[in-house]
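Next up: some structures, all given as structure tokens.
Look at the two complexes coming up: subunit A is in both, with subunit B in one and subunit C in the other.
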Partner chain A sequence: MDPRPGDDQAAESSGAADRRRVVRDAAGTAGQVLLAAALGLIIGAVLMEIAGYDWTRAYQGLWLGAFGDPWSVADTLASATPLILTGLAFGLCFRAGYFNIGGQGQMTVGALAAVVVGAYIPVPTPVAVFLVLLAAGAAGAVWSLTPAFLKATRGVHEVISTIMFNWIAFYLALYLAFYSLNDPQSAERTVRVLPGVRLAPLLAGADATAAIFIAAGIALALYWLLWHTPWGYEMRVAGLNPSALRYAGASPVWTINWTFMLAGMAAGIAGATQIIGRPPTYALYGDLSNLGDLGFDGIAVALIGRNHPIGIIASAVFFGALGSGARMMQIMAGVPLDMVRIVHGVIIIALAAPEVWSIIAKSLVRRRAARTEPVSAQAPNSPARR
Partner chain B sequence: MRKWSLLAGLLLVAFTVAFTAWPAAAQGQGSLAVVYDVGGRGDLSFNDMAAMGADRARRELGVMVTEVESATTADFLPNLRALARSRQHDVIVGIGFLIQDALTTVAQEFPNQKFALIDGFVDAPNVLSISFSDHEGSALVGALAAMTTLEAGGDTVGIVLGIEIPILLRFEIGYRAGVRWAVDRYNELHGTNKQVRVLHTYTGAFDDPARGKAATEAMLAQGAHVVYAVAGGTGLGVFEAVEQAARAQGRDVGPPFAIGVDSAQDWIAPGFIPVSMVKRVDNGVFAAIEQALAGTFEGGVLQLNLAAGGVAASSLDMLDVFMDEAVAAGKMRPEERVARLEGARAAREAVPPSAWEALNELDQLIRSGDYEVPEALDRETAEYWREVLSN
Partner chain C sequence: MLFSSLLLGALHAMVPLTMTATGEILSERAGVVNIGLEGILLLSAFGAVVGAEAGGPLAGLVVGLGVGAILGLIHGVIAVYFRGDQIISGVGINILALGLVAIGIVWQWGVAGFHQVDRALRIPHLVTPLGSMSPMVIVTVLLAALTYYLIHHTNLGLQIQAVGENPAAADAAGVRVERVRLFGAVYAGALAGLAGAYLSIDWLATITRNLPAGRGFIALATVVFSRLNPFLAVVGGLIFGFFDGLGLLASTSREITQVVPYQFIQMLPYVVTLLVVTGVIGRARFPAASGQPYRRE
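This part shows the complex of A and B:
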């Protein structure tokens, strides 16, 4: 397979071999994913069979509910939209070697910012939408910067601080939604955003709006940042080998803050898309129920997407398909939502297993390396210090 | 690797081919679809009551029933649309006030599809808005609460609620009115000038027992004898707080007491819940499909009041039915049944007979139209009645 050494066209055919290897790796990954999905589906079928449900009909429902007609496809994309962004919020930090569990809180403050700006600042439409996204992104960034700053300067572990910040965001949002942003006519939700910032459905009778392009655009931009700019290079180096980053003279403090800020922005904008890009409410419910657990779901989305922006888009669409398919699994096969969730959980675990395993393996290798080479234990975010 | 991807590709193709055909629709006598509120089945309260109505329709009318639960409020709209688009359902029933926005949209998009909405109002010819006289039922349990407190020499009762939606304001003001009516009656009979204070807390959640418990503990600390739980799953925390307070004083039966809501919840904390305000959501769901099949379906409001059996104070007979439900749902073990029923009976007997007399008397007055319970569906009106009823 490999080019023979000494060949006249060694350089050229080695380039071709590289390309071939990339294609082969991609095909291998795709094959691995599809097999994992098949395994998950089979276990799900067994579970449904044991519980006494018609699993062929349930899977028919899953497929038709996700991709059966244009509306289903649109609903799938609508569900995928916020997940792309919360997936990026986790995946980006993971690439740089940090665990951002704070996507939920960053999304929540983003949604709050979207309500405030969207409902109270009357400006022409395109500007208004931009302003809302900007405000939501900024709010999410601010929310993630504090944990990042604590991590960079005081060594506070980001898992703890981001989880705490989720709770602060949760109660802050509950408070504001009930007492400050409350719609006097309808106490269960905040005021609606102005009609000018509400994104219209792409297809009449379906939920998908232009928000899907915003989310995909951000994913592509982050891909470009990670693999085609020096900043992105530093982020990836930080994740692969933090000591190397220091030896190369780059500042880990700077990398941490920068990475978390971008991640927070993505999550904040996810909150905004749920407010301005999801008919018919265009407001935040007082119990935050239209945000659900989208921030936490982003972690699973990122893991299945192998923490790669393009992979995250695919993975979010897959999650969206499961969500949209859940509808028809209930309607067509009468499988209750709890059972649907169990089946989805099995499929998700099957898909995430290879990535989770490789993370554990990598961490073990690092730990062993850290033990034999004490110098690398100096790195601020080496697992040995955790 | 190539072998793997080939195999996976084949699987994908097989999957696609197998599942692309839309299956033939099963034809029945009629078809009812129900979209549940967030929280869904298993709340032993609001949603389970709706499911009971659907079950009855299946049994008595022989209709097909399709049930859809909503994971988040964002799912209401696509859930309703998917059902409407299939054109297979005689009526689609949305459960709960929060679904109102989505149902308004879908009713416009599908003008030939019949819809019904529990606890909300949509002004469209193809929507039957089913409203319950929560204020009347709440007044009944308010009278019982006030009398229980007065007979024990107390002067405080409480009400713990979920999210401050218009429906819940109606519960609160109805409860206050019942308390006031009972206090006036007591003073008249005994020539006294007593007062009963009503504490209220909106917890902001229907699914958070911890918050219900905290709110109730605060009320008990202020001397509340009876606390009315109007908060779905949050209410479970109310029951827990009341039971703990009584047990801390070495009692297996109240006081303090809690009052249940929506279904007959008396069995959940046996000995501490003498009565529940039963809201017959099941009758609402049943009426919608019955009317659709009989061809008498018209848009507008169907008001299910006390006289029409829409709301009621729970009885031991009702409790029997709801315990069957709880056993079927796996929320109660069959062998606990007898003990729980005994506990509920003990709670009923621990409440003074005069409290039951007051409840029954008010029930008659409301049915006959001799007493009209004030109704509040917005903050301003609620504020007005809080003021009026506490003076």
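This part shows the complex of A and C:
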């Protein structure tokens, strides 16, 4: 098997030594991610310098746009909300050894379901919000279960099938938004959802709504599922060693379907948060622009968050900050919004080869050891040092 | 008339799929899987337009090929020498290419998202009984034949098959596993680069931030369909290409779009790809060590 970032399974066993190892592994992972992020920002700066932009001013704008005032922070959180969920859609499958590149399509059909249920079914408010989330989750699950089924029964590789489903969802949504769900009063968007299901801004005039708590809650629930239930255990075993799963008597087919279903639900709900949880539109744009590339960005979010639900929350906030900061970067330094996408790409390529980082880390440790040798000749993790 | 334009459409749509798939077949034979083909198509399509505007269509093809080869090299170094995760690296290439091209279009032409390629900079077409045909159709078939020969009838091809099936045994027999695999990755990148150039300075004659529109992934489906045989990649490319070309043709015909909304016509190639892959895949067998990094004991 190729190396998967699954070091944290040590969390199962107790004992101080294990706990220390978990902390050390987590710190190592965080260090790798921070180094990769720094590399991404440096290459971004180099590119801006070459293209003649003032990159110091651009990064100043990035910071102000992301964290400059309470509204910027709210903006960051609002951008992070769907990314947590699409990140989970990829990360959960990755944990189980599958590549769900279909978050984009699953999110798109989720958004469609949210518009239909949110706009046409009048029920009391708390029930209505729940119904919208349920419908969006179910739609996303339908979109992810088909590739799972094709993989389980026909051996169709999920990278191919989920990409095809993305495109089918894209054109289906374009069609429905234009012909079936369009608002007669406004050509550029669908009908708006009923006021009862619209989540209110947390801060007057800001973008963030209670949707951020829904997303974070789902991430925590999936964390609990992965590390504290037998089903989650089976999913992780499927990712680490598929034959062990079979020998243990668990059904791989069942695990595929179960994992993809949960992933599709998360992505579907991501679509719903863009409809009911993002003022002021509360509708789907005819060109799907309020969905953007959130599903694809979720892949990057998950990889940078090391496919761990808690890591995904952190990395979604990082991405949200890049997203909301990019607008200020454009205003202050004229840098196009897509600059941040280059930063994403560099970070992910840098993270693809963890051995590079361990080679660097080892040479650093060796150099430090050589320097401190006269004082302490012990190996870094000998008991005395602890 | 309709028949010849449909056939010509299929041939033209076959080129990027088969050419990309052909390179990837060799690479997967050697054990390197690249799902970043979509990004390579996109970035080399952009590079080709820049090259063609600087030095004509031939320069465009060369730049496209070069950009593809460099991206293939980056992927290969990560996969082979750093023993990185090939899927993650491929995803990274896709995202990086999207960002670079989206910004590159703004930098280069000062427009957001769309630039038309001048007619004079396009690859000159051949006059055939069917109509005006791109020479790249012939190049594609020749490349498929060449690749087949390379894999099955040369010493290098034997080494490629060996490092894909059993790198440890190949290593013991004195094959330079890393170099052969890196060659595969660069070869796949270069062919995808040529296909990307064809998209922008020949067939579609534009550059947009989403020019390949999933064709990199349909090429991966073609690889699966072909069971790693370049000749079958030509057949697969023609099947997928037929529906791709049909979609392009039908969405510009008013009589058809009045009956079937254009969104559903556009969906066609993706639906067909799914159906075909579902139908054939059970029998495919891939090299044992494909996608796996090799670690010397």
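Please note the rule applied: the second predicted complex is superposed on the first by the 321 of 386 C-alpha atoms of A that agree within 3 Å, B and C clash if a C-alpha of one lies under 4 Å from a C-alpha of the other, contacts with A are read in each partner's own complex, and residues count from 1 in each chain.
Just so we're on the same page, a contact is a pair of C-beta atoms (placed from the backbone, for glycine too) under 8 Å apart; a residue touches a chain by one contact, two chains touch by 3 or more.
It should be emphasised that the depicted structure is a prediction, and the values quoted were computed from it without experimental measurement.
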*Identify the partner contact of A:G205: answer first if only subunit B is touched, second if only subunit C is, both if each is, neither if none is.*
first
*Mind working out whether A:E188 is in touch with subunit B, subunit C, both or neither, as first, second, both or neither?*
first
*asked:* Tell me the contact category for A:R327 with respect to subunit B and subunit C: first, second, both or neither.
replied: first
*If you stack the two complexes on chain A, which partner ends up touching A:V356: first (subunit B), second (subunit C), both, or neither?*
second
_First, second, both or neither for A:L174, with subunit B first and subunit C second_ = both
*First (subunit B), second (subunit C), both or neither touched by A:P336*: both
*asked:* Once chain A of both complexes is superposed, is A:G68 in touch with subunit B (first), subunit C (second), both, or neither?
replied: first
*Do any residues of subunit A touch both subunit B and subunit C, and if so, which are they?*
174, 178, 336
*Footprint of subunit B on subunit A - complex, ascending*: 24-25, 27-28, 30-35, 38, 41, 57, 59-60, 62-65, 68, 71, 75, 78, 174, 178, 184-188, 205-207, 274, 278-281, 285-287, 289-292, 323-324, 326-328, 330-332, 334, 336-337
*Which of the residues in subunit A come into contact with subunit C in the complex?*
2-3, 51, 99, 101, 150, 154-157, 159-161, 163-168, 171-172, 174-175, 178-179, 293, 296, 299-300, 303, 336, 338-356
*asked:* Give the list of subunit B residues in touch with subunit A in this complex.
replied: 1-2, 4-9, 11-12, 15-16, 18-20, 22-23, 33, 38, 40-41, 66-69, 71-75, 77-79, 81-83, 85-86, 97-98, 101-102, 104-105, 109, 163-166, 204-206, 378-379
*Which positions of subunit C touch subunit A when the two form their complex?*
35, 74, 78, 82-89, 91-100, 102-103, 106-107, 209, 213-214, 217, 220-221, 224, 261, 263-264, 266-267, 270-271, 273-274, 277-278, 281-282, 284, 291-293
